[in-house]
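Labels for the chains are A, B, C and D, by order of writing; each one numbers its residues from 1.
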Amino acid sequence: MPAFEVLVEVTLRPGIADPQGATIERSLPLLGVGGVSGVRVGKAIRLTVEASDDDEARRVVEDLCARFLTNPVIEDATVSVAAASMR
Amino acid sequence: MTDRPLARSLGLTDDEVDRIEAVLERDPNHLELAMFSVMWSEHCSYKSSSIHLGRLPTEAPHVLVGPGEGAGIVDCGGGVALAVRIESHNHPSAIEPYQGAATGVGGILRDIFSMGARPIAVMDPLRFGPLDDPRSRWIAEGVVAGISGYGNAVGVPTVGGELQVDPCYAGNPLVNVLALGLLPVERLVLGRASGVGNLAVLLGSTTGRDGIGGVSVLASAGFSADEEVEAAKRPNVQVGDPFEEKRLIEACLELLERGLAVGVQDLGGAGLTCATSETASKGGAGMDVWVAAVPQREPGMLPVEVMTSESQERMLAIVTPDDLAAVLDLADRWDVRATVVGEVTGTGRLRILDRQAGEVLADVPAASLEEDKPQYARPRQPPADRADRLADDPARLPLPTDCGPDLLALLAHPSIADTTWVHRQYDSQLFLNTVVAPGADAAVLRLKAPGVPAADGSKGIALTTDGNGRWCSLDPRQGTAMVVVEAALNIATAGARPLCLVNNLNFGNPEHPEVMWQLSEAIDGMAEACLALDLPVVGGNVSLYNESQGRDIDPTPIVGVVGLIDELDVPPPAVELVEGGVLVLLGGRADRAASVAGSLWADHLHGHRSGQLSPLDLARAARLGRLLVELVADGLVFGAHDVSDGGLGVCLAELCIASGLGARVIEVADASTLFSEAGGRVVVCADGDGAAAGIARRALAAGVSHQILGTVEGASLAVEDLVSVPVLELDAAWRGALPSLLR
Amino acid sequence: MAATVGIVVFPGSNCEHDVAEAVTRLGATARLVFHKETSLAGADAVVLPGGFAHGDALRPGAIARFSPVMAAVEAFAAEGGPVVGICNGFQVLCEAGLLPGALQKNRGLAFLCQEVELVTVSERSALTADVPSGTCLRVPINHFEGCYTAAPEVLAGLHERDQVVVRYADNPNGSAGDIAGVSNEAGNVVGLMPHPERASHELLGSEDGNVLLTALLKSAGRPAAALR
Amino acid sequence: MPAFEVLVEVTLRPGIADPQGATIERSLPLLGVGGVSGVRVGKAIRLTVEASDDDEARRVVEDLCARFLTNPVIEDATVSVAAASMR
C-alpha cells in the first residue's frame, strides 16, 4: 500500500483567545522587531498514513483529528496530504 | 413591546421580563435585557437558593467579612487576616476540560486578590464519571492538566483537593476550586465605588467575544441530549492566561498596598455588567460606562457583547482622578493594560454610553440588577422512593468471611486510591509554606506570605475540602453534617482549631422539587453541624443544573474548612504509624456492629445505595475535635487518620501503606463494622501502651467513646477473623489504580 | 560582610521571594532586581529564580533572555561572578547561551512536583564548591520542561570538563546522562532544575538545599579563578 | 506596504526525541486506527509581516526564526510565505 505524508495544522478557532500568540507578539519590540502582527500559535503534526489513495489518507486523518487530535470546541484542523511514497 | 422571544433566548422567563418592565417603568431594550439576563441568571443571582442560605450561621468574633463579598475574611491575630473562597467551574469543564478548569482557578484567585489578599493556596475538589469510560478519562486528564497548567504558572500552590468517582458525574463532572490568601488586616478593601467623579479603570486583558452570556447559558442550565443546543453553547469557551493573571496579581496588590484604589472588583460571571453594577450599588453610587473605551480584542463588537463578555483576567479599579497617573504608571511597570472606561456618578444609575458624553445605550438603577432580582421559593418535595430507600437496609447483603479481597478492591477504587498521579502535577510547595503536602487528611501551611508581615513566625493553618454525594443521596441532611464533621476532624488531626467554613453546593435542576428538597435539607444539615462545631460559614457558592440528559447528580455539597495552629514548630502528625505504636479509635467503638448503609463497600461491591446512615452525634464530634487538638499539642499523637470512605478497614490500610508497617487489630465486630462509614471517628497512633492508655483516659474524661484497637507489628494488616493481607499487596492495589487508568 | 544576592524578577517569575527567604536565613542579603533594570547594583551573586518568565510563551526562557537585565547578567558572568539559574532560571540561561544544552518536556509529558535524590558531581562549580562529590541531597523538583538535552559531543565535553554539577539518582524526567544541573566551563554559571530553596527548613521536610546555597554564598565575591 | 501571511513550521530536529508524537502514536491502536506511523508534533506559528515583497518577508521571518522562534539545539523551522494582501 502506498504511504502518504500528511501535515495537520491545528489552530485555535477564530474568536478563541490565543494568549501565547499575544505574549509573543507583545515581546517583539524587545527584540527590535517591527511590522509583525497577528501572531497565532498552533500545532503542526506530521504523520505517515498507509492508504490506497490521497482521499483515503485524508479521510483517515480527518477522522483522527475529530476524535482525538483536536477538541473541535476550540480548535480547527487543516489536513494537507503532502506526498506519496511507495513502501 | 419587549421582545419576549429574545428575552427567552437569553434565559429570562416571562415573569422576569414583567419584573424588569416594572423596575424600569418602561420596556427594556436589547442591551438592558441582556444585562438583566446575566445578572439575574441562577449563577449570579442565587435566585433559587438565597431564601435557604440565610439559615447558615455566619457570625463569630473573628469573622471580619462574611458571605456576600468576593471572599470571606477572618482574623488570624497579630494583624494578619485570611481570605478564603470556593467556586465551581463544572459546566465549562464538561465542554473543554483544560480551559474550564484553568479559568476556574483564575476566576477564584481574582476574588481573593481583589480584597487585597495575596493568594497562597488552592485546593481542587473534583468529581468525575468512571475512569474506564474514555470521555470521563478525557475530562479528568484535561481538568487536572488545566489546574496544573494555570495554577503552577500563576504562581499559587495547589495544596490539596479530592478526587471522587461515581457514575452520576459522567455527564456532568464537578470541578470546584478553593482559594486562600493572606493580607494585613489594615489593607482590607471591599469592592465599592464611591466618590462622584472617580474613575473606573479596567485592568488586564482585552475584551473578546469569549464567554458571552456564560453564566446564563452555560452555568444556569443543564446539558441536553440535543447536539445542536450543545453546539450553540460552544463559542462560550474561554481561554485562561495565567501570565496575564500573574501580572494582574502583582499590579493589584501593589495598587492596594500603596492605597491607590478606592475599591477593586474582579470581572467574573456576567463580566463588566456585574462588576460595574455591583461596585456602584455597594458604594451607593451610580456609574457611567463608555463602551468604546473598553479595549476590544475583535473588531465590530456590539455593546451587548462588550457588556456581557466573560473574557478572563480583567479587574475593575475605582481610582480618584488625582491618583490616575500613578495607577497608569504602576500598571505600565507590570505590563498590565489599564484604561479608563467610565466614571462614578451620583445618580444611582448604571448607564451604558457608546462613548464619554455619547449616546445612552442603557440606563438602569444600579442596585436593581442586584436588589430587585427574583427570589424563588421553589417547590420542595422528598423523592417518592425515599421511604423505600430508607427501609432497604444493607444488613441483608452477604458479608464476606475473608474481607481481604473486598479491602483490596476498595483500595483500588479511584475515590480511595493514591492520588499522587493528580497532585504531583501541581506545584504544592511555592512560598515555602507547605509543611504537610497533598496526600494527608489536611494540608498544613505556615502562616506567612510575601508582602504580609508575619504575625508570629510559628503560626500555621490547616485546610481541607470534603464532600460525599453517596451519603448525601441517602440523607442530604445528615450526609452534609457528616461531611462537615469529616472536614473538621481532618483539620483537628493536624492540631488546628476551627476558624471557618466555605461551601459549594453542587446540586441538580432546581426546577425538580426533589432537588430543592435536597438543597434545603443539606443547608439545614450544614447549619446544624457548623453550630455544633463552632464553624462560621464565611462564603459559598451554589452550582445548580448539574444534570445531564434529565438525570440530576447526587446532591454534592462540598465544604472547605480552615483551622489555625497556634504553634507550628514541628510537623503535625501524618497519616502514619510508628514502630511499636498502639492504635486507638476515637469517636466510636468497633466491637459493636455498625451499618454499611451509604458506604462505598455497599455501593461499589454490591451496587446497594439504600438504607439509613449510622446515627451521628454532633456534640460528641465537637468534643472529639477539641480533644484531638489538645492531644496533638501535647505531642501524644504520632499518626492519625479519619475514618471515611471505605470505613475502618481502609483507614487502617492507608495507615499501614503510608508507613510500610503492619498492624494487628482485635475486636472488630464483623465485616459490616469494618466497612461502615459511621461518621465522627479517627484512628490515632500512640507510641506505646502507656501512651495509648493515657489517650484513652483523656478520651473518657472528655466524653469521647474510644477503643484500643491493637498494635503496630508485622508486615501485614491483620484484623482478627476478618483480614490478613501483606502491606505490600495493599500498597500495590492503592498505588497502582490511578496510574493504570490515567495518562 | 554578608554577601548580597541579586535575584532577578521577570514578569511571571514566582520563586523570587522563596530564594530571598532561604538565602536570608543563611545570613545573606537578598535584593530583588526587576527585569527592566540594566544594572545588578552591587550584587555579589545572582540568582535567576524559578517560575514562568513571560508565561513560558514559545519556549521557557525564550523571551526572558531578551530582557534588559540580561546584558548585566552576562557581563557579571563574564567577569566570573557566580550566576545560578534555578528551574526556569536554568531554562533562561540555556536560551541565553550562557549554558550549553536545552530543556525539553519531561519524558512522561506531565508536570512533576516531587522530592528527588541528587548526587553532586563537580566540586568546583559556584553551587558545589567544596561539596565532596558523591554527596546525596534530597531536594524537590517542580517542572514540566526539565529533560536536559544536548548533542552527544556536547554531553561528552560536559563530562570531560567537569561541567556536570548534579545528577539525579533516579532520573525522573528523561534527562540525558541523568543530568540535573550543569555549569559553564569556568564553573561560575550554573543551572539546575531542582529547587534548593525548597529544601531549606526542617518544616519543609529537608534542609539539604542549604548545602548548595551555602556553597553559592561562599562563592559570592570570590574571584573566578578560585572556582577553577 | 503590503502585508504577507507567513506560516512557520517548527519541528524537532531529526534525532531529538519527540515524546508527544510517540504518545499519540502509542494511543492509536486503542482508537482502532491502524497504518499510521512516524507521528511528530511541532508548532505552527502564523504571523503577518509588513514587507516590500515576498523575499523581504521571508528574510524578516527567517531572521526571527534563527534568533527567537526556534531553539537551534533542538529545533528546525520551515518558513512559507502564504499570501500577500494590501493594507
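In the analysis below, a contact is a pair of C-beta atoms (placed from the backbone, for glycine too) under 8 Å apart; a residue touches a chain by one contact, two chains touch by 3 or more.
Here the structure is a predicted model, which means the values were calculated and not measured.
Graph distance from chain B to chain D, where chains that touch are one step apart, equals 2.
Separation between the centroids of chain A and chain C, computed from CA atoms only, is 35 Å.
Taking each chain's centre as the average of its CA atoms, chain C and chain D sit 31 Å apart.
Averaged Cα coordinates give chain A a centre that lies 9 Å from the centre of chain D. For chain A, the set of residues touching two or more other chains reads 19, 23-24, 31, 41. Annotation for chain B: residues 241, 243-244, 335 touch two or more other chains. Within chain C, contacts with two or more other chains are made by residues 54-55, 57-58, 66.
Pairs of chains meeting the touch criterion are A-B, A-C, A-D, B-C, C-D. Those residues of chain D that touch chain A in the shared complex are 1, 7, 9-11, 21, 24, 27-28, 31, 33, 35-51, 60, 64, 67-68.
For chain D in complex with chain C, the touching residues are 16-17, 19-20, 23, 68-69, 71, 73-74. Remark: chain C residues 54-55, 57-58, 63, 66-67 touch chain A in the complex. The touching residues of chain C, when paired with chain B in their complex, are 11-12, 14-15, 17-18, 21-22, 34, 36, 51-52, 54-57, 110-114, 140, 142, 144, 195, 197-198, 200-201, 203-205.
Residue ranges on chain C touching chain D, taken from their complex, read 58-59, 62, 66, 94-95, 101-102, 104-109, 149-151, 174.
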